[in-house]
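Letters are used for the chains, namely A, B, C, D and E, taken in the order the chains are written, and counting of residues starts over at 1 for each.
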Amino acid sequence: MIEMFLWALVLVSLMATLVISIYGIVIRPSLIKKLIALTILTDSANLLAIMIGYRLIYPVIPPVLPQRTQEGLSKFIASSVDPLPQALVITAVVIGMAVNVLIAFAIIQIYRICGTTDVRKIAEVMKDGKT
Amino acid sequence: MKRGHIIALGVFIALILLVSLGITFVGKVPMTTDVRPLGLFYLKNSYFGNYAARSPEVVTSILWDYRGLDTLFETGVFFLAIISALALFRIEKKEEKVKEKGEGFTFIVKDTVRIISVLIVAVSAAIALHGHLTPGGGFQGGSALAVVPLLIIVAFSKYALEGRGLTKDTAMIVRSIGLISIIILVLIPLAAGGYLMQNLPVFPSHILGQLTSGSLVFYNLFEYIAVGAGFTAVFLLLSIPEKVFHKIIGGEKE
Amino acid sequence: MIFIHLVILAISMILGFVFSYLAIMEEDLLKAVIYSAGQGVMFSIAFYILMAPDVLLAYIAIAIGIYTALLVFVISKTERKEVV
Amino acid sequence: MNAENLLFMILMIAFPFYLAAFVLYSIRIVKGPTIFDSVLAVDCLSFDLAAFIAILAIYFRSAFLATSAIILALWAFLLDLYLAKYFLKREVGI
Amino acid sequence: MISEALMYIGGILVIIGGICDFFGALGLLRFPHFYVRLHAATVGTIGGAVVPLIGAAILALGCDFLGWIRYPIAGMSFITAILILIVSPTATHALAFAAHRSKAIEWKEKVCDHLEGVKR
């Protein structure tokens, strides 16, 4: 019972992190703050994908074959976690970093043109046509 | 940190505890104790079996053998993002040669960085080249290698790095070499009569008595070079001081 | 025995929630970057307990090393305060 | 007493200290009146986490998990240097 | 016999490291300002990370039931200990230098500024 409570606690706090990062992306005015919230959203989504592949058993090992024999293989299958979500998440982490680099460059360029990173002020500057 | 934040955090954590207690007593949480059939197939067939990649590391074998085309196009997305980031910062005029060396940090930090950067290169190469035996691989090693130019930029300066010959263009050339090598490795099995990105019968599973898992070690090596050089190019461009940009863009005073 | 895994996991996830809340609500952007790094450390414990060493190696280098450096670059080139 | 029980007992004595220390470091990160306090606490947290990871690798009986400690110890160093350089020069690349 | 002795030595080092870690965290929480907190940080990193890492290396060498994997764990722990011994003082030095130069810390000056005229 207490194990189920702890596991539910983990899942619920992860969901709360997702919700608060979506709030940050939508509501906060600064572009840099939106970038920080976007990375938190990416990280928690990746963590959720990893949690789907986890197994709640005691001798649990990472998906790397320890001994290259047939007995080792049967022991490995009995206690290894699911490797498929991990393989999908690795590329997602690095690609997310590259996309964040692109967003950061765009923020710097917007600051050079408009002189601010506040979304409302950027809208005003664009409406006035000062650029 | 204000008082409102503390109260809001307390309310949030109490809410999380209450919700999870409610879920425990009323509902049901999925607590899986077995692997899905697809994952079980990968676990069984990674080293033994007819469809094997001959690699004890299951994640790397999924990454570059079973789902290789997926990873190939992810690499394409990575390079498109880097290229568009470089295009946003394009400088029309030549950046004038700066003679000054830049002060950098204190000598204690400089000496430590001299020792540590060699160590990081060794660690990242070990991570990337043993990617088919132990956890690690091209992406991990490349993102670890990208920290070395960052450390040198912060401890010495950007000009110390460019004086040694590692400019943005060099990094781009190295990155292109890595990408072209990956494409050639993808196309080699077609010439040998197989299909795209085929691994085992085309490439040998052992070289000089060492387990190399077919083409996995080569993919890891070139991905390592490409990712590291791509991040290096980005950060070299990002560390140009803002004054230089104002001079080049056209003297806007702010 | 799985109890110990779950206790460490729960502590790291709750601290990660606290750090991400503060990173989003903080007005000083540099402090928000540090809270974001703290969130990265906490999530890396979670990746470790969830038995994903491959993801962990990429995640540490990205979230603690490169990402904070990128944000410090961006802040030094733009502005530091966020006006709500 | 056999060896496995001895190992389990040692680790059960050591773990609560580490977890309590993590919570205390987190309180300092959150409270920190200046940015330097927060960065210092993140630094200590990362180094102690590296030690904790190496000890947990013995508990999990897996050699592949111990690699992460060396990476974590190297990378926490970068954050400190960047923040220090920012406060020293206001422009990181020089 | 030897492995049991190694286990006891390693276990004692690991527990000492945990206690050092706890008190370093407590000091970091309770001390008045940044320059005093640097001392607590030293206890937290050297006593709380280097000592238990060496202890973990010895403890892993003593665990016979682990099989061959005790050697990589011991090697990794020892390398990490040496690395933290190099890196941690540099990091705190950089932070203290930047804090002193940027005058970000408010505290009452007791004696005088010895580093006033020192060139970098």
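Of note:
In the analysis below, a contact is a pair of C-beta atoms (placed from the backbone, for glycine too) under 8 Å apart; a residue touches a chain by one contact, two chains touch by 3 or more.
As the structure is a computational prediction, the values presented were derived from the model and not from experiment.
The minimum number of touch steps linking chain C to chain E comes to 2. Of all chains in the assembly, those touching chain B and also chain C are A, D. Chain C has the Cα centre that lies closest to the mean of all protein Cα atoms in view. Among the inter-chain contacts, the highest number of C-beta pairs connects D-E. Once the centre of each chain is set as its mean CA position, chain B and chain D turn out to be 23 Å apart.
One inter-chain figure worth recording: chain A and chain B are separated by 16 Å, centre to centre, where each centre is the mean of the chain's CA atoms.
Mean C-alpha positions place chain A and chain E at a centre distance of 30 Å. Each chain gets a centre from the mean of its Cα atoms; for chain C and chain D, those two points are 13 Å apart. Chain E has residues 69, 83, 87, 90, 94, 97 in contact with two or more other chains. The residues of chain C that reach two or more other chains are 7, 14, 17-18, 21-22, 51, 53-54, 56-58, 61-62, 65-66, 69-70, 73, 75, 77, listed in rising order. For chain B, residues touching at least two other chains, in rising order: 1, 12, 16, 57, 59, 103, 105, 109, 116, 119, 127, 134-137, 139-140, 143-144, 147, 150, 231, 238-239, 242. Chain contacts here follow an irregular pattern that is not a line, a ring, a star or a complete set.
All chain pairs that count as touching, in label order, are A-B, A-C, A-D, B-C, B-D, B-E, C-D, D-E. If you check the complex, the residues on chain B that touch chain C are 1, 5, 8-9, 12-13, 16, 57, 59-60, 127, 135-137, 139-140, 143-144, 146-147, 150, 231, 235, 238-239, 242.
Those residues of chain D that touch chain B in the shared complex are 30-31, 64, 67, 70-71, 74-75, 77-78, 81-82, 84-85, 88, 91-94.
The residues of chain D lying in touch with chain E in their complex are 3-4, 6-7, 10-11, 13-15, 17-18, 20-22, 24-25, 27-28, 31, 34-37, 39-41, 43-44, 47-48, 50-51, 54-55, 57-58, 61-63, 66-67, 69-70, 73-74, 76-77, 80-81, 83-85, 87-88. The touching residues of chain B, counted against chain A in their complex, run 12, 16-17, 19-21, 23-24, 29, 31-36, 38-40, 42-44, 46-48, 56-59, 62-63, 67, 70-71, 74, 77-78, 81-82, 84-85, 88-89, 134-135, 137, 139-140, 142-143, 227, 230-231, 234, 238, 245, 249, 254. Of all the residues in chain A, the ones that touch chain B in their complex are 1, 3-5, 7-9, 11-13, 16, 53-57, 62-65, 68, 70, 73, 76-77, 80-84, 86-87, 90-91, 93-95, 97-99, 101-102, 104-106, 109, 112, 115.
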